[in-house]
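Presented below are the structures under discussion, each in the form of structure tokens.
Here chain A shows up in two complexes: once beside chain B, once beside chain C.
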Partner chain A sequence: MTKGNFTRRGVLRTGAAAGTGLAAPTIFTGAVWADAHTGFTNAPQGDTVTLGFNVPQSGPYADEGADELRAFELAVEHLNGEGDGGMLSTFSEQNLDGTGIMGKRVEFVTGDTQTKSDAARASARSMIERDGAIMVSGGSSSGVAVAVQALCQEAGIIFMAGLTHANDTTGKDKRANGFRHFFNSYMSGAALAPILAAQYGNDRKAYHLTADYNWGYTTEQAVRESTEALGWETVNTVLTPLTQTDFSSYITPVLQSDADILVLNHYGGNMVNSLTNAVQFGLRDRQVNGKQFEIVVPLYSELMARGAGQNIAGILGSQNWDWKLENQLGDRYSGTNAFVQSFGTKYGFPPSQAAHTCYVQTLLYADAVQRAGSFNPCAVVEALEGFEFDGLGNGPTLYRAEDHQCFKDVVVVRGKENPENEFDLVEIVEVTPVDQVTYAPDHPQFAGGSLGECNPGA
Partner chain B sequence: MDAIILQILNGLDKGSAYALIALGLTLIFGTLGVVNFAHGALFMLGAFCAVTLSRLLQLSHEVVDDTRTDFLGNPLTVDVPYVYDIFGESAGAAIIDWAVPLAILFAIPIMILIGVVMERGLIKHFYKRPHADQILVTFGLAIVLQEVIKYFYGANPIPTPAPSAFVGSFDFGAVLGFDPGSIVYPYWRLIYFFFAAIVIAAVFAFLQFTTFGMVVRAGMADRETVTLLGIDIDKRFTIMFGLAAAVAGLAGVMYTPINSPNYHMGMDFLVLSFVVVVVGGMGSLPGAVLAGFLLGIIEAFASMSEVLEILPGINQIVIYLVAIIVLLTRPRGLMGRKGVMED
Partner chain C sequence: MTDQVTNASGAPIPAAQTRRDARDRVLGLGKKDFGLFLLVIALTMLAPFILNPFPEGSALSQFNAGYPDLMQRFVIFGIFAIGFNILFGLTGYLSFGHAAFLGVGSYAGIWAMKLLTLNVIPSIVTSIVVAGLFAAIVGFISLRRSGIYFSILTLAFAMMSFALAYSVLTPITGGETGMQLQYFDPRILDGPLEPGTTPRANLFGLEMAASYQLEVGAWLFTFNAGYYIAAIVMLIAFYLAIRIFRSPFGMMLRAIKSNQQRMNYTGLNSKPYTLAAFIISGMYAGLAGGLLVAMDTQVGAERMFWTASGEVVLMTILGGAGTLIGPVLGAGFIKYFENIVSKINESTLEAWFAFLPGGLSDAAVAVVYPFVGKGWHLTLGLLFMAVVIFLPGGLVQGGSKLATVFRRDRNAGPVEGAAAEKRQAAED
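Moving on, here comes the complex of A and B:
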């Protein structure tokens, strides 16, 4: 036997609650999130908000980490209304006015990733648990990015990746709380292949030396598939240990093969050493199959180029961004000069692409919070998904909702023959339009992962 | 055949570096009985002597060039090295170009001084301590030295090229009757091999044909008796530590054009060099040299793609595999002496 106890007020209350619940997925817009300043990890209290910048401060990528940190400091200055404002004035969204983020002054803490996944997770955890960081950004390797991204997902924190190029970061290891502005291996292959074919011809035989870890595999696959599609033949692919310093034993077999192109899928110290060794062995002076032998480095880095010195002259590669873009290719890349001006004035030299991506990621996060009207990670995710913007140096850019990867033009560069100074190491050969580097979210090179649900933590 | 010749050249080249570092390690172990894990750091410091001299030679004053602009659009500031002012532009440029060979002269006194200070300031306090303590303290010292270098020079590799006269490769193919261009080898790597051979020969000659060397050898064989004869063997051993540091430093100086030096380069060689010393036989100088070249050649052959197709990854473990086999069949190493590290 049941007893009915319906009352008019009870029905109204229940109806209102049920209606709110049913409507929730569609009304999670800025206005609603604006009321939600609790119920998520590290909800900012008081008049400040803390960001966590996790960069390599020790280890082989410490110089790259230092440049990232410079950019983060600059971004925080600009968000707080100090300095010349940098890209705030060129950003297509004009939500950031120098009063911090949602009126809260931006503070930051830093961690040292040491370019080791466990150390990076430990420093990120410390920044989240001890310092109350609401967002974590930075890093200079894909291994670290994937590890910290997973941690941020568990903790309910937004992760705005720094320099990470492996497909997996927004492929099989993608997470709802993680976002990558930097380009990836697939994009490098897609951007480089047509230019390689145009510069060196379609009838080429390539020999790949590949760093024996995840980034190396994805980069080799991307470049191999893209160049083979244009007619190149891959004659051999050899994995080299990550700890290798002298590559002479790997270079000499190249001399014995009938390859006329050497692709060095190396980064950091590996890249500096393998390229130096290849040039020492006279590969660039060789004629094979009646053609000039060429070397290709799919991912360029200004700091690595500096390490390789004159050996990079004439070597083609790809970059996410270059500080000369706006001067050489015009207004499409607006924001570049504003950033270079700010950074150059403060530090005395032009910024690296690692610095650029970190600066941009900080502004993008701040803007997303501003638009969402909340620091709630799920609100930020919603604001960033499918977000189209411009004026941050790369031209029109999309943060794709399906995988949280930014899609934008890719810069193809070549080592300068006669650099005028230590910062003027590469020249822009061409920019590959975004359409040519865009791929389907379920592309085989990115298969196997899922974003999952955003996690607000708490 | 040409592939085999190339890998032998690679092996001799790699072996040169291994042998030079292992020689210094063995000198220190043989004289002082100290297992010096900071020896790789001495190799690195030598390389940075070359970097430092290169930078000193490039010390500049600024001249504003109004006809050109920098990246911010301001008039370009051009650095003019002082050596240009002193010696003229072409002679100054030649001096800067020859920075690495000149660094040999620069590095010898600095490395001997570093070695002596290291031995007197730290290592001597650990003579009577167990080998484990020596390893810990010298490894700690290596990390400190690395961090000091990183603080002043950064983490990024610093290109330090060979003189332009030695850039390029020697065509063995044309000389040996093979196809021209089939066996080419960089000039600087050949120079490195001959340099290593000269240094090794000089060290052996010093120990073999001088009174100082004779006393040191006597001290290595029986320290107590030499001391009882009234010879201050500690002083001589300190000098030997300085000499070993200089050998490691010279190996580092000459290595800079092969791979751009960074603060971590010593560690990359350290473990391998210890394997070389163990395979050669603890305390045996000829053993260290022999094992250095032998392991260099084996490692080079293991990296051939034909070998890797049959045994993937063998290149990464071959040295340790050889070490296991040698130690199982000859527990004292190839040329080890009885009684060393056996108490």
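Moving on, here comes the complex of A and C:
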């Protein structure tokens, strides 16, 4: 009993040791990257703020990446008050005055995602850890978007997704720090179905060829469910390997079935090749059940259309945005012309939808910071959640709070029979209004995820 | 007589001789190996300083590589290349599908974090074990052939694994969008996380992302917990590799490389040795995969794509196949290009050449631009060609060539050097 070591010295020593033990984790985690007093990762110091633009510069989507980068550079120019200001003048919010973001001049760093999630995360981490980026944007595939979005959530910065169309980005893999302006598979299906029914009738038999990965699955499911609801029958769905370049062995069974519609749930090089094969096999001249055979491509891209050339003539698909929107459908889509004008002046050709979404995302982020009065990611999340805006080319748009997905009209386009030049390959068939493509946040196609809490990082 | 040590010619070595040999060895390493090991320890421990030589905000800070992500990648891919070198450098069997083990290890690691605990140790152990088992299966089949047929078989296995992970096995691999941790994962050893929190890998509470920053004048040095953990694991892996290289087992593997047929004629079955080397090498890859997950908690199937398998071959050849330090250097070299040179964009170049008059600066940018940014593959390819043509022994040969310029008496490679030392010692 007397052997107890409760001496003054002993107690002090124990206390000091415990104190150090308790303090150690805070020493380690407290001072990550930023000055502690600002309380969030990469708080901008001095008179500049750094944004990270992470786009595919090599690999299958390098063309889209290059166009995204052009748009980002243009956006930064406009934010810094250079150039003609683009959409700043048509944007329904007039907080951005060309003096950067909250008076800080915008600077940017770029990286190559290589369309691989590992490479994309490595590149994004170097932007966050080395260059002090406060926001990361860009990307041209859902795998990369989901990977980088999760990274930004962990690091405590904002992710403004570029081109990503799979439901998962704002479905099962959604994150509080991530936002998507681009539309998704469900919206493509919902927008296309009524127009397909109107154009081709309600008693059609569809045959799906689907790229064998997440985006393919969600797109097939979305188109199938939407068209079946309108009376179509799905004859068969066949998965094709992503690396497939010759689809003839997949097209032959289509000829033997009694299907009269072929849906190609393909993107990029897959779509170019499968569509070319399908047209070569004479599917477009075919008559089945007394009806003209038709081909549908749920997600269109200008750059893919260029690759497929003549073969896209007459083929229906959906887009997030098209550069001819305002000219053809009027003021509802204001902002389009302003953007096309300044993009065209700088680069000499009209922007793609990938460029548009990246440009808009950058402006939306800048505006959110301006309105929130802080670069703190949690303040930005609050400013963007449930935010309604207009004048950015898509008509009235809502950033829904429940899943950080933008809701806006979806453009249905058709490949032109006789394109005049390589940038004017598609014609706008119709625009499906936003109400028809809106779904409940707990829709089964988006189930299984949770936004979690916004993370401001250190 | 049975337990007496014999030298290569079969004659018994005097007992005093063996004792002195043992005395000269530290940690079971010869003098030269121990020196190399110390050098590697110094390089890894001081990496935050060595890799950040330029002050923050200066034009050259673009070349700083001392941030946690890249430092972690340096050592993790170092481990990967060391393991690959045990197979390729020693036995000469060129596996063209090693990324499969890296990927399998990663998936095993993330599942351990999802199902068991966020602590990195069980996850890394799971990675090593699962990758080892997978390597045993692949090795058992592939090693029935040698040469190019072996390479093609391993490549086929890797591409098969990639295709499975990318599409067919989507429920357990996440397919294209990959696998990530969620706060609602079961994790039976940890308590449930607060809803909405981000799960973070840790080592008994020390988070991998935790860092301490040291500001010295204009310089900023980052000491990252995850990096040091990975670095210590790499040092252990490196140490084990030295022991394997210098062991009778390593000698047997070299014998397989020099003439397998002759070995078979002497009545030795070489298959168990090659299979063992293959499995060890697969476990190293699994360890690297597990560490990748521990440092950055996600896995994508592209990790197993054939280009990733090709990359480790490049790392090993670039650094010097069959040498100890070579693969680590090669890994660092390639990762540096991938992460640093690829991020130099046009506006960075414009800033660098701004001091030149207008037309001249544009010309300079136009000349340099194709080799940086998205052109980093081109630069790396050119360098690789230069190394293969002028330094067939890789960067290590370049280093020893440089060394001979200063020390004319020692121009032998490490293997011959060790042998010479032994002979010298025997003659004393």
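Throughout what follows, the second predicted complex is superposed on the first by the 421 of 458 C-alpha atoms of A that agree within 3 Å, B and C clash if a C-alpha of one lies under 4 Å from a C-alpha of the other, contacts with A are read in each partner's own complex, and residues count from 1 in each chain.
Operating definition for what follows: a residue touches a chain if its C-beta (ideal position, glycine included) is under 8 Å from a C-beta of that chain, and two chains touch if they have at least 3 such contacts.
Here the structure is a predicted model, which is why all the values come from computation and not from measurement.
Asker: Clash or fit: how do chain B and chain C relate after the overlay on chain A?
Answerer: Partners fit side by side after overlay.
Asker: One more residue to check, A:117. First (chain B), second (chain C), both or neither?
Answerer: second
Asker: In the overlaid three-chain picture, which partner chain does A:203 touch, first (chain B) or second (chain C), both, or neither?
Answerer: A:203: touches no partner chain.
Asker: Which partner does A:277 contact after superposing on A: first (chain B), second (chain C), both, neither?
Answerer: In the superposed model, A:277 contacts chain B only, not chain C.
Asker: Going by the contact rule set out at the top, does A:233 touch chain B (first), chain C (second), both, or neither?
Answerer: In the superposition, A:233 contacts neither chain B nor chain C.
Asker: Tell me the contact category for A:82 with respect to chain B and chain C: first, second, both or neither.
Answerer: In the superposition, A:82 touches no partner, neither chain B nor chain C.
Asker: Touch test for A:345: chain B only (first), chain C only (second), both, or neither?
Answerer: Once the two structures are laid over each other on A, A:345 reaches chain B alone.
Asker: Answer with first, second, both or neither: which of chain B and chain C does A:154 touch in the superposed model?
Answerer: second
Asker: Should A:308 be classified as contacting the first partner (chain B), the second (chain C), both, or neither?
Answerer: first
Asker: For A:62, select first, second, both or neither according to whether it touches chain B, chain C, the two together, or no partner.
Answerer: In the superposed model, A:62 contacts both chain B and chain C.
Asker: Once superposed, minimum distance in angstrom between C-alpha atoms of chain B and those of chain C?
Answerer: Result, nearest C-alpha distance in the overlay: 6 Å.
Asker: Which chain A residues contact chain B in one complex and chain C in the other?
Answerer: 58, 62, 241, 243.
Asker: Taking the touch rule as given, give the residues of chain B at its contact with chain A in the complex, in rising order.
Answerer: For chain B paired with chain A, touching residues are 2-3, 6-7, 10, 13-14, 68, 70-72, 76, 150, 154-159, 161, 168-169, 181-182, 184-186, 188-189, 258-260, 262, 264-265, 268, 299-300, 303-305, 308, 315-316.
Asker: Flag every residue of chain A that touches chain B in the complex, lowest number first.
Answerer: Residues in contact with chain B: 58-64, 236, 238, 241, 243, 245-246, 248-250, 252-253, 255-256, 269, 272-273, 276-277, 280-282, 285-286, 303-304, 306-311, 323-324, 340-341, 344-345, 349-350, 420-421, 423-424.
Asker: Please output the residues of chain A touching chain C within their complex, sorted ascending.
Answerer: 25, 27-29, 31-33, 57-58, 62, 109-112, 116-119, 121-123, 125-126, 129-130, 141-143, 146-147, 150-151, 153-155, 166, 168, 173, 176, 212-215, 217, 239, 241-243, 450-453, 455
Asker: Going by the contact rule set out above, which residues of chain C touch chain A in the complex?
Answerer: Chain C reaches chain A through residues 64, 67-70, 73, 163, 166-168, 170, 175-178, 180, 182-184, 195-198, 200, 205-207, 209-213, 222, 225, 292, 296-298, 300, 302-303, 305, 338-339, 342-343, 345, 373-374, 376-377.
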